[in-house]
């Protein structure tokens, strides 16, 4: 094994400075941009006492922090533990999945604070941030974690960071078009996070198609313990999804309603997933991949409509359908995508995020179009859809149309953006393409020790550490 | 291995349609019943703005959502991660424990929302739900998760769902008798959740007694990693138990007090558990099973009294005693139950839930009987025990008597209900009894791949997936 | 293997009663002291209704419980899951790390409630506790968990409990000097928790130096799954650190600001850690130990200043620097400490807590010294630094000086206290010193089964359990 190892070292020597350089230059850029632009919003600034008087607030408890911080922490867990551990089901990718999810998310949230800040929190030349901005940055990075699920095992860390940079940018533009120009409601991000993120990732993985990836299929298998680790990811996503969909809804009834709708949808989704998994599997066994993934489709599919008057039974219906669609997708669509369309969807995000995201967008459009003053109350109706100011004259059916337009825009942004970014990732500047082709898991290998390198795992050994 | 495999397939063919059918029919029934009965409560409904005016609330922060949602999420984690992972200590049951806990809980919470809704939230023909209903549904399902711990490894998934259906129903009836008819306090569910759930499960496992289960004892062993997975369950239950006991207490001091009492009780319980584990074990070693389970008894044992003026030192006493009782139970009672009474208590729920639950009920009765207006204050006294309306004339000692009656009712419901449901589960319609006898882990095996079937683990393989 | 086993039994026979006795006596002492001293604070007492009227509060939501309980639960997870699992990266210490962390923390929080109560919540002869006391007790025990990271593998459980007892005491004294006598701000505990805890632990491990510990180095290695377990610890610490630093800050803007600053600092820290890990490692690979530890330095390093107007870009700068310092520490300082200074720092707490803690103290002093009424607003300035009463005349630069003095006091307390406690731990009364020397992992071995004892893992076996 001497030769390939030396070759590897030669290749790695050029790589050795690339990741550090990208990370450090990026962080310096962030410091400069944050220094120029980012300040505390009124509710996090030391001038809060004056602000309180101005806004006629009588208690500190009315600070937005207390409305949203618990939900923020739940979302934070979903992004870092949920998405990270969900991808540990592949026995050789486990640490790479968690580690690189960690890296790209920490990298992405800083850029998301800026991009989303310029679009939504820009006042007098400064971005004023509060807990809602932190949630939105996590949401934005969530769409990158989704796309990461499609290209897992195909990219170097550098490529991953480049993709994050572009995807966060495109996400923010798409979000601005939907929320501000089309005046669309999408608090749980069925369109902005899931549909956009998934189709973006699928387009990128299509462009990065590598036929010989199959050779390393044995590395893709799962083992008993990796399945239990993956269930940690699954369960945290499932349990905290009500927080995800309600985190940035209006204070009061909207947050409350979002959580209930999501809870109901997810419960129903588990039942139909188990049913179809058992039905479509030989011998009636349950497939762990379905349990780990399709059970979550119910959260995605009510992302747009959860804060609306979807009603608990409406949520059960949506959850049931999404579980079926997602499970069927794992059994039939994923193999089809790979064999016919050359889309290698490592984690099956088409089934967990893309299709349920589309369902979510459509359900949102229908629920908005079906809204009546009778169901929402006069005030509630205006508050739920922000039919104030220039949108005073919007009717539910028009709103439904705009919601539908939001789906189309998200899809177009995902396909066009994914194609461009996929092309950029194919440029030979991001690493040795040959290395990528011959070694199936270049970035995962950055973590997983091979036998001859297993000493890389040890620490505390002075002689080794002293001569790195 | 050809023959048994074909046999297995033949048996499974009949099973193949049973689980899907049950799940799908159930979900359709839920959708219909939710459609007829379930609507949003006032605080989750879009008419909230009008409600706020009516109730003279000045801020959205007074929505019940903000009082209870963080606790709800903690309880949610306890049910799905806590109970699920606690049972992963058995090396061959790991995935089955987490997966089937997931299935039964998602199945049960929908039925619990209806059952508890009819009893407690029924107005003008509709069940009006809010975050408190979600917590109560999780609580109700928690009692099923407890019972599941006794029968782990003995039932098919169908039997599990049948048990869930009946147990949720009986739980709701028992809860109604205690809370509404006896006017008993039991916010943390020492009686309604733990005593009822555990004795119900123990009765069921007695009826399902299978002498030859011992043959597969080697599969019940734990391995190093499965013990670490189980500690995830233990710690999340331990850490979040203060939220469990305070989740549905009255706003303000009662929630605050419940959390403090539970925190103190749990801390003391760890100390006495470690002491007795080391004392009763040969060579003074600590037994992992005690650390994983008996340390939690302190939470169970203050379930009824945590919201009362138990005081921190009272909590330390209760926690200390429960840790001792539970550890001694694991060492002496569990073997006795199995060898003499033929009660195979897989996870030792008699030690973790049944005995500490009884302690909790008794401590609650004593604490209530010892209450004085001096300790609680005039207003606090009435508020703490709801001594208003028809209960205006109740004295602490009478309340103590009713609390004690609540224990007896819960025990009777558990024994009678468990006997009936155990009998129902023995009916030959739920699966091939022979298969159950000859294969020790029929349902767990639905998840765990055997060697010749290990390909069932893989996904993304088009040829296989296309011909399921 | 008969002989050494019998020897072990002989040794263990004397040990057998020591741990139980210490735990039980301790718990009895706690019950007595709690009985004499500890009562519910006004916000957890049943007299709360009267209190509310007195304080002119209009709603139960203004109970401190709702301001701090979600953060408390996050801190609780950090102490028990975060610190516990972070130390599972060593393949033979996994269960011992989690189990003994659980024991010492449950042991320590009871004593911390008393010690901190006497100093900070003592009124009319009683310690009045509320949720803030629970957080502070967790914080105090956090400093013991940190010190535990340095001596992991060197002490018996008894020694661990003795250390906890003394360290909690010294922590409380040091905290009192800093917060009350020097009037220093340190909400996230850079000085009181991290600097004190780490240098205390490092001093103890220096005194307990054992040259032949190297022999068992092979047991210190990590394995694939233990690295994933450790990532659970890492991620929960990382995600919840904003709650840690904001948990006891003033209501309103201060809590809000602390969370934002910590979020920013941690994100930056991940980037610089990855950069330097890749740069300093041969072949440019990422070292899992750095990812697991150094990424957290950003939380430590803003512990003092997070609630001040550090600003988001200031946080990015501090986080970036601390990631670099910590990673460089793992590569160069840890081997140096071990080989030259004979400080065996098992988990590298010098890099994760000691140096970043010092940075945190210094950044806090500078941020305080640089405060102006312009930046904070007149009211905000006084509120942020409590410049009221006898401290009315303090200027920012004087405050900066006192902050710096707080670092020095913490260091002195840590070195002096660590030396004394280390000496006490060397006394021959805590266990057979020979046993400690010849068996590298005496306490871990209390959990980890060796081959001939693997039956200790099993439960439910009546014959064994009946004759303990």
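Just so it is clear, A, B and C label the chains in written order, and each chain counts residues from 1 on its own.
Throughout what follows, a residue touches a chain if its C-beta (ideal position, glycine included) is under 8 Å from a C-beta of that chain, and two chains touch if they have at least 3 such contacts.
Which chain is which protein? Per UniProt: A, B, C = RHCG protein.
Computed from a predicted model, the values in this text were never measured in an experiment.
Novice: Which angle of rotation, from 0 to 180°, maps the CA atoms of chain A onto the equivalent atoms of chain C, to the nearest 5?
Specialist: Rotation angle between the two copies comes out at 120 degrees.
Novice: With touch defined as above, tell me whether chain B and chain C contact each other through largely the same residue numbers, more than half shared, or through different ones.
Specialist: Both copies touch with mostly different residues.
Novice: Taking each chain's centre as the mean position of its Cα atoms, how many Å separate chain B from chain C?
Specialist: So the centroids are 32 Å from each other.
Novice: Quick check: what residues of chain B touch more than one other chain, meaning two or more?
Specialist: Within chain B, residues 58-59, 61, 66, 70, 225, 232 contact more than one other chain.
Novice: Would you pull the chain C residues touching chain A in the complex into a rising list?
Specialist: 58-59, 61-62, 66-67, 70-71, 74, 217, 220-225, 227-228, 231-232, 235-236, 238-240, 242-243, 251-253, 255-257, 259-260, 263-264, 266-268, 270-272, 274-276, 278-289, 291, 295, 309, 311-313, 316-317, 320, 330-332, 334-336, 338-339, 346, 348, 375-377, 379-381, 383-384
Novice: Any idea which chain C residues touch chain B in the complex?
Specialist: Within the complex, chain C touches chain B at residues 8-9, 12-13, 15-17, 19-21, 23-24, 26-27, 30-31, 34-35, 38-40, 43-50, 52, 58-61, 63-66, 69-70, 73, 76-77, 80-81, 84, 88, 94-95, 98-99, 102-103, 106-107, 109-110, 113, 129-131, 134, 225, 229, 232, 446-448, 456-463, 465-466, 468.
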